[in-house]
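Shared chain: chain A. Partners: chain B in the first complex, chain C in the second.
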Partner chain A sequence: MIVETMTALALEFENVTKLFTADKKVVDKLSFSVREGEFFSILGPSGCGKTTCLRMISGLEKPSTGVIRMNGKVVNDVHPHKRNVHMVFQKYALFPHLNVFDNVAFGLRMKKRPEREIRDRVTRMLKMVSMEDYAKRSIQQLSGGEQQRVALVRSLVNEPAILLLDEPLGALDLKLREQMQQELATIQKQLGTTFIFVTHDQWEALTLSDRIAIMNRGKIEQIGTPAEVYEQPNTAFVSRFVGTTNLFKGKLIAASNGICSIQTEEAGLLHTRLEDGRLPPPEGVAVGLVVRPEKIRIRVTSPSHSPAAASAPANGGVLIEVGSGAAITAAPSVAVAPQPSINVLRGTLLERTYFGATTQVRLKINDQLPPLIALLANQAATKMPALKVGERYYAVWDAADSVLVQDA
Partner chain B sequence: MFKTPFKTPLKPPRIPGKKRRPSLVAYTTFILAALYLPLVALSVLSFRGGPTLFHWYVRAFSDPQLLQSLWNSIFIGVGSTIISTVLGTMAALGLRRPRFPGRVAFESLINLPLVLPEIVMGLSLLVWFSFLKMTLGLFSVILAHTTFSVSYVTLIILARIKGMDPLLEEAASDLGATPWRAFWTVTFPLLLPAVISGALLSFTLSFDDFLITFFTSGVGSDTLPIRIYSMMRFGVTPEMNAISFSVIFFTLLTVVMVFRLRRE
Partner chain C sequence: MEPTAFTKQQKTPAFIFPSLGWFIFFLIIPLGIVVAFSLMHKGAYGQIEYRLDLGNFARVFEPIYLKTVFRSLLLAAFTAGTCLVLAYPLAYLMARSGDMLKKLILALVIVPFWTNFVIRIYALKLVLGENGLINQLLRELHLIAAPLQLTDNLIGVGIGMIYNYLPFMVLPLFVALDKLDFTLLDAAYDLGASRVQMALKVLLPLSLPGIVTGSIFVFIPAFGEFVIPDLMGGSQSMYVGTLITETFLKSRDWPFGSAMSTLLVLMAMVSFVIVLSRASRDPAAREMRGKRAEAGPVHV
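Up next is the complex of A and B:
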């Protein structure tokens, strides 16, 4: 909190709402702030309002209600050409009748800078993205990646306080995309410009950003660092949208010593650790439990007998025998478990997919539950159990590795 | 022997199994001949029968009445082109807005002169001008020509606008351009080919027009087509062939220019 008041805020949204028609809220009472020099991403599915957010920051759209501040000043009614904010458009929007140099020089010419200064600054920018030899080329002669670079420096040459990027890498192929991601990150650190980056690509947001806002239906579901939104999603939506996830829905039945017990209909009683400082929701409320695939271990034998479980608190394992209604009969025994620090489910191996460094496994627990996904590191052959499709295995994870989410 | 490193096929390779169809060739030749033989005949006649090759041309271009009508045609053409290009461009830009009151009516009215019989337009304009007690002359003809050519200009520019990325203008304003400068530095240069081709078309239409001009021109404001028509009453003279072929030549030239611009 102290840190936040010390660093200047480049941008603040306060209860910003945007209506396109009287009953269609594209952006719904949004409040967030972006610090100076931050790489801030807005992540969300298409149609969630993230592009509208960017357009409101740039001034191309006006908020219906609420306040947008830049450096503490309200900018709601400031025309785009008077804002020190520039946008890199999704399809670049380069001017086809101008060559590379004139495209980049456009903003400076609008500000009526001396031609000499324009030449210097444009050349320096083109050099930064190794495009100095392309100055006289026409836009149509450039490849997608080259156009992307021109679009980027066309905005950056004006030294904006905030650079807005609207899915700028969406049109590039995978390899070029990864290369441009690195370039973007380097340029951002080098110039220290505040970047606000809109994307629907979760990995792009995770790898590039200082902080991410996850949007859904015009609202922000969570704001946090990449690790926070991945490891501690607030809502089921966030957990599903960022990374692969296993979600169990149920009711909170007990919360003590930072351990929450959730009664699920399909998988019996499951446990999760509450993060420090977070208050548990009231008992009986509908919640979800989220566990990431890489946190799950696969065991051939019940963890209470296996050596792996020995390191965990003795007999802490909760075993649910699944199938033919066994889950229900197992539930009462679960409730009396003294140290519910691990979760165990048993299921049939549906398929295994080899990814090189990892293997993904899908385990069918029962008919009601979607298959459980586990991601196993491919360690030395001696440490890997030979997994066979159709065999039954135990899926085990620590309560601390799963997260309680508000159910959506 | 010396061998060339490149083998350039003189003919495109025949695709096996694909025969030339003589009936198609004959049909095409017939249609083209029907369309263009009269023009060829006209051009040949315009060069024949005189002591020198360009005799009839010299004669035609030294006829003061014919020259006056040519100047009238050019003056009216330029005048109506300027007015209709400016109005048409503005109308097309206005039609960019997705909805405004009366949009549908406006768009239909823009299209109307394309389908309305010229005789109806000519007559109604004459009635209107006399109702306003306007003297018929060059000015009334310019106004009359503008009424139909503005539609063509609007439609040509509108087609171009619809193919234009609306983000470009936004990008310009995002980069610090005022709306006025964004228009002149980005929108207008991108529309320019359509504006020029619209202007050329409007000039051609005005230059060629007979019926509407006939109704709305007064004494001394005869255009070239009307002059030629009145000369016809005394029979076709070789001078008329010469002047007609000149007109065809310049019309063809503008049409070619329009097509080249529209292709860009």
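Up next is the complex of A and C:
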């Protein structure tokens, strides 16, 4: 599945399965690989097996079946201390009886490095995270962000080939988290260490990673760059887990010229364009159609009455036209798209939330569908008439902007 | 620390008066009487003459009594040490096991307290006796020909002391280990520590408060113990506790007995002060304070 490139593989999982009890596969036939120097994230809901993966990489747990390789060598039976892998724990796990310096020096002391070398390396690391003045402080006197930095360099000072980070930012408040994300990215680039970063925060994974693996119930649902997993989710789960999404379930009834037509129970016939080179699934199969809120445009008139609007650019620019009231009342409650290249739905505006740069609206199509969510770029008031709660509007998006997913 | 509603409060709340009264009447006053007696003179017929006599304290330091004190210290140290070695693995197991097993072991540790102490010691004496359970079992298994002498000697005293004081060591150790974050051990292992290094560099320093508390809980009462040596040791040797009882009841030398008691109490108090002053420096106490600080808002 993953294209082999010339860059060395720091880590490979091949059909790795882990069971703690006979009846539950915590990690189920996992296969993936991580390139050297990559910032690789594992994203998934709580309990999906992320920490277990990291513990198998570090050697704290052994896989039940399957093979783990590092730099091409099988490490299943290599002692954890011989793997050159270190872990930043979920709640830092800093030693409360040692000060900042001694915490960072712990690994080097275990390896019996000369005291002089320890002092140099620890000091250099503390400097890197601007903590050199905190060396003598006790752990309890540090803020959450400072503890985080100490935990990070306590691992990094040992110069691991792979650094495992288990939700390292989970305990921090939002502002601090964003700041630490930046620091983490900078440090990773600077040192070139392979990072395997576990999180259940989608935005964190999207902004930080070179590639993301999305895990669900012990399995990987998709691996790809942030743009790939966001724009082209493979499964309904991925689309729901990464970003906000509108999902329609239905049956594939026709596929021609890259356009798939899906008959949905709640929203009628919808269309989507397959990415180039992707083969359509067999007709009649249950699929889902996913459209991101920012791809949806809101209109006052039906696009079929206004050919100019239908040819509007699909680059997210929002066009809202004030139309005549007569045209609106004439339209059916669920509009069928006039041509397969766009989708049109009609519904009542439930809610409008102003976010500054954007406005989110929720449109009630009918009783069966959850409200459609659209994210509109805010423009000058003259270009953008006020949307009124309770009024009926059209939601329009291009077939090419929606994605076909499996297992809806 | 920030003054809270409680620390700021100046007036003594009324609800502490009953316990305060209890302490004054049943602890402070009797202790005062003992200290007063220790400074007085013993009359010819065992009565107390109300004049100052510092000789009682001087007598405590006579070799024969010092030997007894030393023997008691040895017994207390042996009891505390052995209990520590036996209790630590048990407490560790309890702290790491699941909720059910944890509660079960805890119950087993506490259950003996439901029976009267003296009855328990007599029962133990029977179990260890010549025709007791242990000797019978060993004979049935043909491991021994003649019964082992397990009571009325030092072995009996040792077994009795450990049996009786083990829970006082297990409980504080369990409390210390139970609140320990065991991912710290994973972290140490991840950083290259061996099992021994994990124990010495992480587990030991972090459970030190429990070790100190447990040792004090065992050492101090074991030092003054007189029932167990009396019942389990035959009439072989004298311990401080026995000595004091006999001084009061047999030789009727109340001032000398009071002097010895006063010194015992003094020793206990000194060791408590040492422990308390340590407690303010110990890592677990610091950790608790850290936890509280964490709960507050984080300033960037």
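Definition applied: the second predicted complex is superposed on the first by the 372 of 408 C-alpha atoms of A that agree within 3 Å, B and C clash if a C-alpha of one lies under 4 Å from a C-alpha of the other, contacts with A are read in each partner's own complex, and residues count from 1 in each chain.
Note that in this section a contact is a pair of C-beta atoms (placed from the backbone, for glycine too) under 8 Å apart; a residue touches a chain by one contact, two chains touch by 3 or more.
Just so you know, these numbers come straight off a predicted model, no measurement behind them.
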After the chain A overlay, clash or fit between chain B and chain C? clash
Identify the partner contact of A:60: answer first if only chain B is touched, second if only chain C is, both if each is, neither if none is. both
According to the stated criteria, A:394 is in contact with first (chain B), second (chain C), both, or neither; which is it? neither
For A:81, select first, second, both or neither according to whether it touches chain B, chain C, the two together, or no partner. both
Would you check which partner chain A:175 touches, where first means chain B only, second means chain C only, and both and neither mean what they say? second
For A:241, select first, second, both or neither according to whether it touches chain B, chain C, the two together, or no partner. neither
With the two complexes superposed on chain A, say which partner A:144 touches: chain B (first), chain C (second), both, or neither. second
Winner by number of chain A residues touched, once chain B and chain C are compared: C
Shared chain A contacts, counted only where both chain B and chain C touch the same residue: 58, 60, 80-81, 86-87, 89, 91, 93-97, 106-107, 110-111, 154-155, 158
Quick check on the complex: what are the chain A residues that touch chain C? 58, 60, 80-81, 86-87, 89-91, 93-97, 106-107, 110-111, 138-141, 143-145, 154-155, 158, 172-173, 175-176, 179
Listed in rising order, the residues of chain C that touch chain A in the complex are 181, 183-184, 186-194, 197, 201-202, 205-206, 283-284, 286-287, 289-290, 293-294, 298-300
Please output the residues of chain A touching chain B within their complex, sorted ascending. 58-60, 79-81, 85-87, 89, 91, 93-97, 106-107, 110-111, 154-155, 158
Interface with chain A, chain B side, in the complex: residues 165, 167-168, 170-178, 181-182, 185-186, 189-190
